[in-house]
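In the two complexes below, chain A is the common chain; its partner is chain B in one and chain C in the other.
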Partner chain A sequence: MSRTTLTALLLTLPLTAQAQETLNFYNWSDYIAEDTIPGFQDETGTSVNYDVFDSNEVVEAKLLAGSTGYDLVVPSLEFMARQAQAGVFQEIDKSKLDNYGNLDPEIMRIIEANDPGNAFGIPWMMYSVGPGYDVAAVTERLGEDANLDSWSLVFDPANAEKLADCGIALLDSPSEITAAALNYLGLDPTSEDAGDLDQAMALLSEIRPHIRYFHSSQYINDLANGDICLAVGYSGDILQAKDRAAESGNGIEIRYVIPEEGALLGFDMLAIPADAPHPDAAYAFIDYFLRPEVTAAVSDAVFYANANKAATPLVSEEVRNDPGIYPPEATLTKMYSAKPHSARYDRSLTRAWTTLKTGR
Partner chain B sequence: MRRLVPLVPFLWLGLFFVIPFAVLLKISFSEPAIAMPPYLPLWEWADGVLTIAINLGNYIFLTEDPLYLVSYLSSVRIAAISTLVTLLIGYPMAYAIARAPEGRRNILLMLVILPFWTSFLLRVYAWIGILKANGVLNNALMSLGLIDQPLVILQTDIAVYLGIVYTYLPFMILPLYATLSRLDGDLLEASADLGARPLTTFATVTLPLSMPGVLAGSMLVFIPAVGEYVIPALLGGPDTLMIGTVLWNEFFLNRDWPVASAVAIVMVLVLALPIALLRRIQSRAEKA
Partner chain C sequence: MRSPVALRIVVVAGFLFLYAPILSLVIYSFNESRLVTVWSGFSLKWYGELLSDPQIIGAAWISLKVAFLSASIATVLGTLAALVLVRGGRGRAVLGGLVTAPLVMPEVIIGLSLLLLFVAMEGLIGWPGGRGLLTIVIAHATFGAAFATVVIEARMVTLDRAVEDAAQDLGAGPLRVFFDVTLPALAPALVSAWLLAFTLSLDDVVIASFVAGPGSSTLPMVIFSKVRLGVSPEVNALATLVIVLVSCLVLIAAWVSARQRVPEA
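Coming up: the complex of A and B.
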């Protein structure tokens, strides 16, 4: 091949790419409606490469290394905050989003604590972290009178011991589980104090012998199949397990609760990497997602609440009236948000978590 | 052109080992930061002055916390036990294939390689389906009435051993088969003629002559098993401690790429030493 033809080829490459616009979208697993992407593709002619992950840490490592090729990613808010500080994302130009006004100003104000001026992120879905359990298996072991609306279901060693044989799983997420333990102990769930961490770990190590495994996505199938009977996980994931169990007709009834002591309220945020190859496609998708009917369809499919005020009436009643998905006002006041950790605290937390898991 | 051919292995080594190793070494002397990439540069060029900051703290840190030593040892132990089990299962299989009639050998070898046609990840996932509480194995044993409570195998060290042995078995069988099939039949006959029983012949003739295959197979299993991350992550329990998991934590949970790199560098060194030793024993054995 002569040099001129090669140069000509190189010149035409970006042109062909423009004719067929592409969107590289990196989202959490099991976190979208079946028709969201096809609907967007049909309407805009953009082809979408949809890729999934199950941990914030993996996304973060990729983003910090740079040149991921992704146009749109969905980190949780406290992770997005630190990544934005490292220069990973570009600021959102709200003038490019006709449907920005659909977002609930109240929720945007809460998000501002970690994303000043709502500069970098658009909320995708909201989640809480709480216990989900197999109603029959847990009632059989703890008795009819047990309080199943409290974190003591997990954190009381006597309960954990009785449930060990049918299987308990915890998220493999040191920050989220430790925050729940701190909150249960009446301490500040965002505390970075070494003494507080010790107390939380002391509590967790008491129930540790009864934990089958730590994992951040496997519990969905295991709960639905009856391989485990209690998991502390993401609200929508547990509700998806409930849905799968009901669909398969295996007789397993799953319940998700936001315990009376409160739970972590989290946000997963759409953000555009600074080096995104197709930022225009990312804007087009965000604007498409912000349409009330599109957001509502995602909430209906994944059992997570959204921050789109205009979408709420379109969300099915089953989802909208589930206190585990849309927490009532009284519960909301007890919920807490996460904050980005200092590097020093992350190291102590990971070290304590390793000790908890392995005994070393 | 022909003179360049010997350079190919060196090019390979340079491209896929020396350069990545140098990059890791560089990062291991750095300090973490909230930036892209998440560590500080080693050298800075300002006003005609080149400042190079080499931080040995990451290596010192590894000696301060026993976790790292314990996980290295635990990885070596898991890999060594798995290698031994693989050898015990693989040797008779390789021996049987090598002794099989000529026409059947290729089919048998094909069967050994066949699992590679499916993704490694899928095969490990299949083990989850077999071993889990509600899985194939437990359901079969329960319906046969052999047990009345499901056996907890998944998420234990036993599942890790099973996974490693299963995955790496072909790497043990193939080099063993290569040496066993080249074994001179006359030597075995001579041994029998001189009155040795089959067991004695095996111990004094077959086994020593197949040592190169045993060593090659063991290294092919042991080395990747030490650094294994996927199998313990999918099949192992929360208390399965391997250096791969520690690396993951440093890299992902702590975002401390410099310490993660230091762990990796030490792992390469810890592995390289015994392997160099093995190579020496092997080459001496071949000369003798």
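Coming up: the complex of A and C.
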């Protein structure tokens, strides 16, 4: 222990070198409310090292190498599921969480597809993958009475063709886009059947000539600037674009919809690494986060829905009543979550996706 | 053959190529709008936001510490390596290859292998305990030393050994010779090696993101993670401050070396 203390003294600022309880928290960038961490620190006296990341892959490399030093990390659900199989995380002891009952059982059931028994993760925030568009540009091209609440906006080649000149962007994520295409075709979005995949790819290659690019983040600024008019992306990101366009006063109105056919529901999960140095602090933080008012403040700040049922009434109306953030009851039943793919399916999916992207 | 007009055009084009992007970055740091590419009026608000953002200020401070420490270590190691490479005996070719290998190795590989090394060392001898500032400094010193060696070696080759021999003839011991004769003659190379290692360390994001631990995110890591939501003008403001700082340092360095040259003449 003395060696650790010595290095800690050498390494850290005098501010954090105190022997008090510490929490090392590793989260996505721009994914928390301003007062979440200070509130926890004031209340418990725990000092928090808050670090941010931008890709599941870097986190995975660190977690698999072991002894990251982090007590709490927030990978996406599918990544967490795979890492849990590798023994990276410890099981959550729910008896240590007084506020566990606040979580929505319906949503926890959807998560169970990836995390059986909800053993390893507590949902931080949830998002959907759907179309976001520039209202004026799209109505101008498709007409007043076009159905803008449907995946046909993107997947109907006639629509895609009309929108090609103002720009369409798709996420560069084979599993998420293919799942949406399967769902639109009325097939099981988690299907690994080769015939189903062929059908989805046939649909996608029909609209391929009208797609400007495949990218997983560029569309945020492009939508806000009016450089593209339609993007299939993450709900939170598209709502950020909307916010940014409104703030800059450039007259562009962005709308995000969860289409009536349903969409993919994604989760980022709080998980405790098996070798976390301060697991007690991690439990204390999770329990603090599960308080309705704390969760609600994070949702208000980042425009993502949460799985905390008790928090919903405390979320601001602007966020809670936005059907793009909180799916209405009727749509919620049509939402689906991704399942980890078999390695074999992953290979054929990647191959089909590359063919699609390069247009060969 | 040489027309002064054509020459001037080439010079102007060259400077534009180098400085136009930096200039536009500086201009947009004074932009009112959140969108980096739309001008909507002059404002200093992003500088205000930057100074009240503890995450960025903390990361900038960590980056400067890491760069300072790793550049210093790299320069010392580079000097020793260069000494052996120029004056040493057998096995110099092998050592030369080994020392300069990080120059051509992809950063991802350096980062990942150092991460695995640190984890393994912690398991075996308990040091370094966890990942943090120390591991980033070690990693940066490793590849900084490769660059420093090349720079210092180039200078050392041109040194006249007769001067050192003369010093020894006059009764100076080997250490005295090294510190009083060799080192001053190497000084310009040491300064440029240090600056190069400092810049490279300040620049690096790949290696640092592998070997960083809790509470030790460097500035490039923080900026890079913000890119997902588009770069905010806060980053422009920060870059402008860094450019001002670096320009001042370069001017001071130039001034100091100009003054030093006078008595020599």
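Methods note: the second predicted complex is superposed on the first by the 300 of 360 C-alpha atoms of A that agree within 3 Å, B and C clash if a C-alpha of one lies under 4 Å from a C-alpha of the other, contacts with A are read in each partner's own complex, and residues count from 1 in each chain.
Note that a contact is a pair of C-beta atoms (placed from the backbone, for glycine too) under 8 Å apart; a residue touches a chain by one contact, two chains touch by 3 or more.
No experiment lies behind these values; they were computed from the predicted model shown.
Of the two partner chains placed around the shared chain by superposition, chain B is the only one that A:F214 touches, whereas chain C remains out of contact.
Touch criterion met: A:Q85 reaches chain B, while chain C stays clear of it.
Of the two partner chains, chain C is the only one that A:D30 touches; chain B does not reach it. In the superposition on chain A, contact of A:G249 is made with chain C only, not with chain B.
In the overlay built on the shared chain, the residue A:D280 is in contact with neither chain B nor chain C.
Residue contacts after overlaying the shared chain place A:V58 against chain B and chain C alike. Contact with both chain B and chain C is seen for A:N225 once the two complexes are overlaid on the shared chain. Of the two partner chains, chain C is the only one touched by A:T68; chain B is not. The intersection of chain A residues touching chain B with those touching chain C, taken from the two complexes, comprises 58, 61, 65-66, 225. Listed in rising order, the residues of chain C touching chain A in the complex are 33-38, 40, 55, 112, 115-116, 119, 122-123, 126-134, 209-210, 212-217, 222, 224-230.
For chain B in complex with chain A, the touching residues are 32, 34-38, 65-67, 70-71, 132-134, 155, 237-241, 246, 249-256. Listed in rising order, the residues of chain A touching chain C in the complex are 3-4, 7-8, 10-12, 16, 24-26, 29-30, 49-54, 58, 61-62, 65-70, 217, 220-221, 224-225, 237, 240, 244, 247-250, 277. Residues 55, 57-58, 60-61, 63-66, 82, 85-88, 167, 174, 211-214, 222, 225-227, 343, 346-347, 349-351, 353-354, 357-360 of chain A are the ones touching chain B in the complex.
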